[in-house]
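Please find the structures below.
After this come two complexes, each holding chain A, first together with chain B and then together with chain C.
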Partner chain A sequence: MDITTDRPRADLAVIGLTGELDGSNFEEVIEAGRAARDGGARRIVLDLGALTYMGSSGLVAIHSISLLLRGQEPPSAENGWQAIHDIGNAEAVDSEPAVLLLVGPPPSIERVLSRSGMLGLFPVHPDRASAIDAASLA
Partner chain B sequence: MADATRARSISIEAEVGRLADVRAFVREHAARAGADDETTADLVQAVDELVCNVIQHGYAGDQGRIEVVASQSDDELAFAIRDDAPLFDPTTVPDPPVDLPLDRRPLGGMGVHLARALTDRFDHRMLPRGGNEVTVAKRLRTVTGGLGDGHHDRPAEG
Partner chain C sequence: MRPLRLGELIEPAVLADLVEAAAALEPDHDIRVLDVDGSILVAAPAREPGSPGATDRRPSTSRPVSSGSHRLGTIEIDGPTERTWALTELLGRSIELVAGEALHGRSLASTAFEQELAIGRRIQLSLMPRRFPDLPGWEIAAAYEAAREVGGDFYDAFLIGGRSDRLGVVVGDVTGKGIAAALLMADTRALIHAAADHADTPSDSLGRVNRILVHERASGLFVTVAHGVIDVGTGSLTLASAGHDPVHLLRADGSVVPIEPAGRLLGMVDDIAAGSTRHSIEPGDAVVGHTDGVTEARSPEGGFYGEDRLRSVLAAAAGGSADAIVSAVMADVAGFRNGAEPSDDLTLLVVRRTPVDRSGGVDAPQTTPFHVPLASRSADPG
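What follows is the complex of A and B.
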């Protein structure tokens, strides 16, 4: 999987993913999100349009970036997968709207997002331009 | 017709870096069976999720091997995932909550749910030698809109 990060504005990052996102590389996506946030991005557009596969590890990456943008620290896999599964048991400390926007998931990936109940939790845009416009208005 | 010279199973080390090989194996067999895109994508997803679970939870970082065996009947394409990890039946895992807001939903835990949701059959048995065999199968819809061509691939002996 290839990851690119563009910064059309100081507070906005566009992360593009190409190839297959799975259990071997999802942490790279989280780190790209973390780097963007640490670099000043307050909104992130995650372009899924060139992904040919996304496992449920990709859902973890998307969820983790959303938490990072809210100022929360997702558990790392190095701390054990149980910690990752348990985070949902913690009480929410921040209920601000997500500032992560998704672009162009192919049908098979949209089905994964839908089946996991995550499709309705993030704005989904057909292309980068409309997502960037929406992020500018958010 | 199936090419008898092609392997009907793949054996990998329990490492996430081998997941791509497993997906390629599933895609190859789905293509040979003439499966349509959705059937192929669902089986690739289900097998990938279950193999990833064995690596992350079954072996939990320890060394081990995982074998994936493809089989086809008249109207079903199946993949059996065999391991030597401690006994664990993923079919008993309850579905996670999928309607919670981000703040309250578990981070992860969707793999088994997807495997169950995307397939028509999801079974577990303990292997005679110990270890687990988890099978996912899907009714075979072909690119021509019909069922499979009726040839049989006998699964490898377990």
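What follows is the complex of A and C.
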């Protein structure tokens, strides 16, 4: 999987993913989101258009970036024990102003999003331009 | 001969870690681990005393810790909830796994991370059901194949409320790996059992479990679950899903109906917005639940097994016993993988209503799950 980050504005990052997003690399996506946030991004457009596969780990990555944008540290499943220790420190995402926008999931990935119920939680745009417009209005 | 002491087999820090993980799962429980002579090795008092259920505190649950014929120590847990037993079992088995390895002079793996994966895997394997309820007119079969590194699959078939007329079936998948995922899987399974006793519908059960996972656990991991309730007398199936792959209804005539009730995965948001759907299982029909390790099995060339192929194999297996259906799918997936290592756990659960009698004899029910053992898995007691 390849990750690119564009910064069309100081408070906005567009992260593009190409290839297969799975358990072996989902943390790289979270780290890209963290780097964008640390660099001043308040909203992130996540472009899924060039993904050929997304496993359930991708859902964790999307959820984690949305937590980061809301100022929360996502618990890390990789840390094992630490994930248990973190219990009680994290709050659940709820319907708040969109800080994370998704772009162009191919049908197979839209099915993963739809099945998990995530489609209703994050706005999905057909292309980057409309997502960037929406992120500017929000 | 001097008796084996738990305190000498397991390093204090490791034991404390195991107890701390258990205490994090159920903060309103008192946990004690005692050595074989009764001396207390670790004591973790309840962090949330005075919870509403505290007046209804149940008597202490205790469980021996042993390895082979060696009694090593005892676990005692006091708690207000019906989850006390599950927690005692979970902690007991975790400690036994570590103690068993130490007893045989083996370390589980070279690095802490690998060791944790190995422990998590063993917790998971030890909690899979060994037998299913024996129900006249029904067959239950399951297969579970563990991936080396990732996982978190679980399945279950149990009688709801201890009665013999309602069968609860569960197939689930925790996103994540290692001990955290294994504990969450054990926890979710126990929570579904408890919720099913009191809920009107499986979607109601999953909603209750979700609220506990979101508000009391917040582990950062998610769980997808398909949960059905079967009226054993009428064959009526009520099904709910929390972000899980579709369940398939395999009709006796070979038609395959995917069922995919709406619902978000557990552990992410307050409201999973799940609904239950109702279906009729006629004699000869089977209900087939799977995890994405089946449909996302990869061929050496990188292709996915996929739902279409699953449906084709199921159609061809219609009319066979639950065991035969499980075997047909597992064999086809193995053929598709053609030697490639499974990259994810793979689980299949089939519940079939036995066809009405053809010639006076009814097929013997198949009620034994089989597990494909890990290559590295050593002999497990029990």
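Remarks
To be clear about the criterion, the second predicted complex is superposed on the first by the 122 of 138 C-alpha atoms of A that agree within 3 Å, B and C clash if a C-alpha of one lies under 4 Å from a C-alpha of the other, contacts with A are read in each partner's own complex, and residues count from 1 in each chain.
Quick note on the criterion: contacts are C-beta pairs under 8 Å (C-beta built on N, C-alpha and C of every residue); 3 or more make two chains touch, one makes a residue touch a chain.
All values derive from a computational prediction rather than experimental measurement.
With both structures placed on the common chain, the touch criterion links A:Gly16 to neither chain B nor chain C.
In the superposition on chain A, A:Gly33 makes contact with neither chain B nor chain C. Judged by the touch definition given at the top, the superposed model places A:Pro105 against neither chain B nor chain C.
When the two complexes are laid over each other on chain A, chain A has residues 22-23, 53, 55-57, 59-60, 63-64, 74-75, 77, 81, 84-89, 92-94, 115-117, 121 in contact with both chain B and chain C. Touching chain C in their complex are the following residues of chain A: 22-23, 53, 55-57, 59-60, 63-64, 74-77, 79-81, 83-94, 115-118, 120-121. Chain contact summary for the complex, chain B toward chain A: residues 16-17, 19-20, 23, 37-38, 41, 44-45, 48-49, 52, 55-57, 97-111, 113-114, 117-118.
Note for the complex: chain A touches chain B at residues 20, 22-24, 53, 55-57, 59-60, 63-64, 66-67, 74-75, 77, 81, 84-89, 92-95, 98, 107-108, 111-112, 115-117, 121.
On the chain C side of its complex with chain A, the touching residues are 17, 20-21, 24-25, 113, 116, 120, 149-150, 173, 175-181, 183, 214-222, 224, 243-245, 260, 262-265, 268-270, 272-273, 292, 296, 304, 343-344.
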